[in-house]
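So, here's a batch of structures to check.
Each of the next two complexes has chain A plus one other chain: chain B in the first, chain C in the second.
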Partner chain A sequence: MLMEVKNQIKISLLSIKYAIMREMLNKISFITNIVFMIINNSTFIIQWVVLFSIKNDIGGYSLNEVLLLWGLASSSFGVSRFFFKKAFDLSTTINNGKLDSYLVQPKNVLLSVITTDVEPSALGDMLYGYIVLLIYGITFKLFLLFTLFSICSGLIITAITIIFNSLSFWFGKSDLLAEKMDGFMTSFATYPGGIFKGVTKWILLTIIPVGIANYMPVDVMRNFNLSYLLIILGFTIFIVTTAFIVFYKGLKRYSSSNLMIAKI
Partner chain B sequence: MRKYLYIFKSEIMTNIQYIGNVLFGFIGFFVMMFIFLNLWQAIYDDPNELIAGYNMNQTIWYVAITEVLWSIISGRKYTKKIVEDVKTGNITYNLNKPYSYIGYSIFNHLAGCFIRFLVYFILGLLLVFIFLGSFPSLDIVQILLVLLTIFLATLINTLLLTFIGLFSFIVEDSNPFYWVYSKLILVLGVMFPIEFFPPIVQTFINYSPIYVVSYGPARLFVNFNYSDFISIIIAQLIYLIISFLLCLLIYKKGVKKLNVNGG
Partner chain C sequence: MTIIKADHLYKTFRIKEKEKGFKGSLKAIFKPKYKTIKAVNNISFEVEKGEIIAFIGPNGAGKSTTIKMLTGILYPSKGEVSVLDINPIKNRKKLAYQIGTVFGQKEQLWTHLTPYDNFKFFGAIYDINEKVVEKKINEFRELFELDEFINVPVRNLSLGQRIRCEIVASLIHNPKVLFLDEPTIGLDPVVKENIRTLIKRLNKEYKTTIFLTSHDVGDIEKLCKRVIIINSGKVVLDDTMENLKYHYLNKKIVEVKMKEMVNLDNEKGITILKDKGYNLKIEVDTKKRSVADAIKLLNPDNILDINISNTPLEEIISDIYKKEAKK
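Now for the complex of A and B:
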């Protein structure tokens, strides 16, 4: 079992490696994409500098803490888009019958599908997260926590998109719904959790779990809290498992019209 | 001109088929407005407090209009399509057609903007009215004049996006330029009025596309006066001419060095 998981991870990493090599064929375009994504993300610092010049405390966050929140949002977005780009296209893959070529491979179908391509600009998102961490004040402990939470949050985003895209097995087109859900996660992730009150706060801990993917990790990095850490890890395992279950349940309903495509 | 109007009309018909998608997209606008409402309620201790000359309702109305505008005019897919046309050489298919590629692209995009305008402007204003319970004091003539500036803002933005897309003739993939352009508009022209920025940044914004594409129409909507209207219209006309000439120039230069292998 453990050997199988190890082999699967090895295959996925190889798939990502070849996708990176493909993208790096045009080095200028690859580097431009990364650099411009970092500049693109940096522009939002202006917004928060201006807002914090009006008030020192917004929703219980200082400027430095909002930057940390932004860094984590960016880094986790990068993890999901860089390593699992095709998860965000899963609905189209299902609807166009393009799963056929993955079904005949002796490896995990879902992982094979979602790791076949990378988004170079997402590397810029990940790097931006660490640049922000440097500004915030990096320590070894913070570096480890930030990396762990970037991975967890990235996995949560990917898992949610897989669940909603997999609905295509039952309802045909679900890409719009998945896209919207992904948009909600990104939108809420970059604003201090403290500005949301009442029902909204509960929605952000359940239906749109930004509270667990972003707000709690920032709280742990501000003041270490073991129970929050365990909730984040537990939820990540739960949502990733759910994504696998939903995808494989849906896969049983999959049918195609024998689309002939060559995978090189 | 008739052929472009025909393109515009047929694209509208296509867009109407997918009106559900536009309505669905409105949920994203709703969420953003909800976030901004919470944000500004957290920043303003008292709704009547003035920050840079704006009370809370004025600030939220400003953000609502710039968000509506941004939802109408933002053209990530549009720019991407032009970049792809240049990169893949598909642009050549348009060279022997009895229309200009620029004209075709612009009218195609404007049709989508028009449909989004109908949905976002009406539903957007209604939503913010429900949130705030008040509406800026504007008479019918002033509303029409604000709509004129919104139309010009859409046109200028479409031309600037076309220019950015055609910039792929020079840098192969000009999508990153779109990201920076869109984020500059979003951060400096959508999130809050430019009066919130330090004076030196305000000067920069007053000469940038942000003034004509985002700030100008929203400022008029929140606090209309005729002298502001005249300066905004003049600035918009100047930008319209410059952006149109830039598109023509880069297209003519780019097409000359176009090299397509195979097909």
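Now for the complex of A and C:
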């Protein structure tokens, strides 16, 4: 079992390495994608600087803490898009019958599929997160927590997109639904959690779990809270497991296709 | 020893039906209609160890669907299937270590990598030690004559070279059964012949059981000793190639060049295929008239040149398809 997990991780990393090699074939595009993503993310902060010049406290967050929230949102977005890019395209993969070549390999189909491509600009998102962390005031403990939460939050985003994209096994096309869900996760992740109250707050802790993926981690980084940390870790395990279950349940309904397909 | 067993296998697909035009599209949203298609309809067969079997049929007959059920890609709707005594659905990963697959229409290789890097990657997929992979690559390098392009990115290779690499990638883990789904599609005759020779050698040297689907009669005729023909999801013929030819080759094609013209109209058992005066091409139904008798009609002294051949296998298979379609 342990050996199987080790081999699976080895293959997924090898797959990511080859995907990076493919992107690096176009050196200029690879570098500019990363640099421009960092610049693009920086521009969003300006609106917050303007807002905080009017008001000192928004939803219980100071400018510095909004920066931290942005950093985490950007970094976790980067983790999901860089390592698991194909998860966001899973619906098309299913509908076009492109799972065949993974199904005849003795490896986990879902992991093999989602790690076959990388998004270079997402590397810019990840780097941007750490630049923001430097501005916020980095400590070793904060660095470790930030990295852990970037991974957890990245996994939560990926798992949610897998669940919604996997609905394609039942309904044919679910890419739009998955895109919308992904959009909600990304846009809510950049607002201070404190501004949402009542039903909205409840929704953000359950249906669109941005509260667990972003607000709680920021709270832990501001004031360490063990129970919050356990909730985040527990939820990550739960949602990732659910994604695997939904995908594999759907896989039984996979109908393949005879399209002419090249792995590019 | 039975290697592949399909027992009363069924696969149905539910397909949405839509009436024509915009109105039809609107109707389909509120009141969708579905149609059930039986892609595979009660198929049973067995394949023995070391066999090269041709699994053929017209487009949409259910060949690829069957292959996909045998390799664990698709779940059967009903029936049992086992390959090397492994249930492909329950033990997909276990089976994957024992079989190789080549889909002529789908690429499994990374196109920006060289064949060498691809083979290493496939070695890792099958958890093979790097030294063993290296040894295996060297072995296939010679057998498949890969030296010329083993370090060239796959996207720069010709189709024939790519297919060769696809086959090598599928053999890196020493599979006991190789599933080839139209491996020679789109290849020129020379490359086709090379691929056939390689498949034959593979079967001879490694005793690999080969399960082949192809529309190319040359593949079937030159490689397979047994043929299963399916049509509309059903097995319509499961026999040896010898029997197929023996039972269906009751027609001979006679081409003659003559000194004087001969009229063969309305002669029993003779069909004129081509009549260009002194050059004649006829088909003799040997059940109704012997070839010798047909030659007598032409008068041997009148014949300058003669060629007698069997009906091409392509026509035989096409006839079987047509007969089944009429039923």
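Here is the rule we go by: the second predicted complex is superposed on the first by the 257 of 264 C-alpha atoms of A that agree within 3 Å, B and C clash if a C-alpha of one lies under 4 Å from a C-alpha of the other, contacts with A are read in each partner's own complex, and residues count from 1 in each chain.
Definition applied: a contact is a pair of C-beta atoms (placed from the backbone, for glycine too) under 8 Å apart; a residue touches a chain by one contact, two chains touch by 3 or more.
Here the structure is a predicted model, which means the values were calculated and not measured.
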Touching partner for A:P106 - first (chain B), second (chain C), both, neither: second
Chain B versus chain C as contact partner of A:N40, first or second or both or neither: first
Chain B versus chain C as contact partner of A:K249, first or second or both or neither: neither
Which superposed partner A:K180 touches (first chain B, second chain C, both, neither): first
Which superposed partner A:I195 touches (first chain B, second chain C, both, neither): first
First (chain B), second (chain C), both or neither touched by A:R22: second
Partner chain(s) touched by A:N7 [first = chain B, second = chain C, both, neither]: second
Doubly contacted chain A residues - partners chain C and chain B: none
Complex contact set, residues of chain A against chain B: 26, 28-29, 32-33, 35-37, 39-40, 43-44, 46-47, 50-51, 54-55, 58-59, 121, 176, 180, 183-184, 187-188, 191-192, 194-197, 200
In the complex with chain A, residue positions of chain B that touch it: 21, 24, 27-28, 31-32, 34-35, 38-39, 41-43, 51, 171-173, 175-177, 179-180, 183-184, 186-188, 191-192, 196-197
Chain C contact footprint on chain A (complex, rising order): 7, 10-11, 14, 18, 21-22, 25, 99-101, 103-107, 172, 252-256, 258-264
In the complex, chain C residues that touch chain A: 13, 16, 64-65, 68, 71-75, 92-94, 96-97, 99, 101, 103, 105-113, 117, 121, 124-127
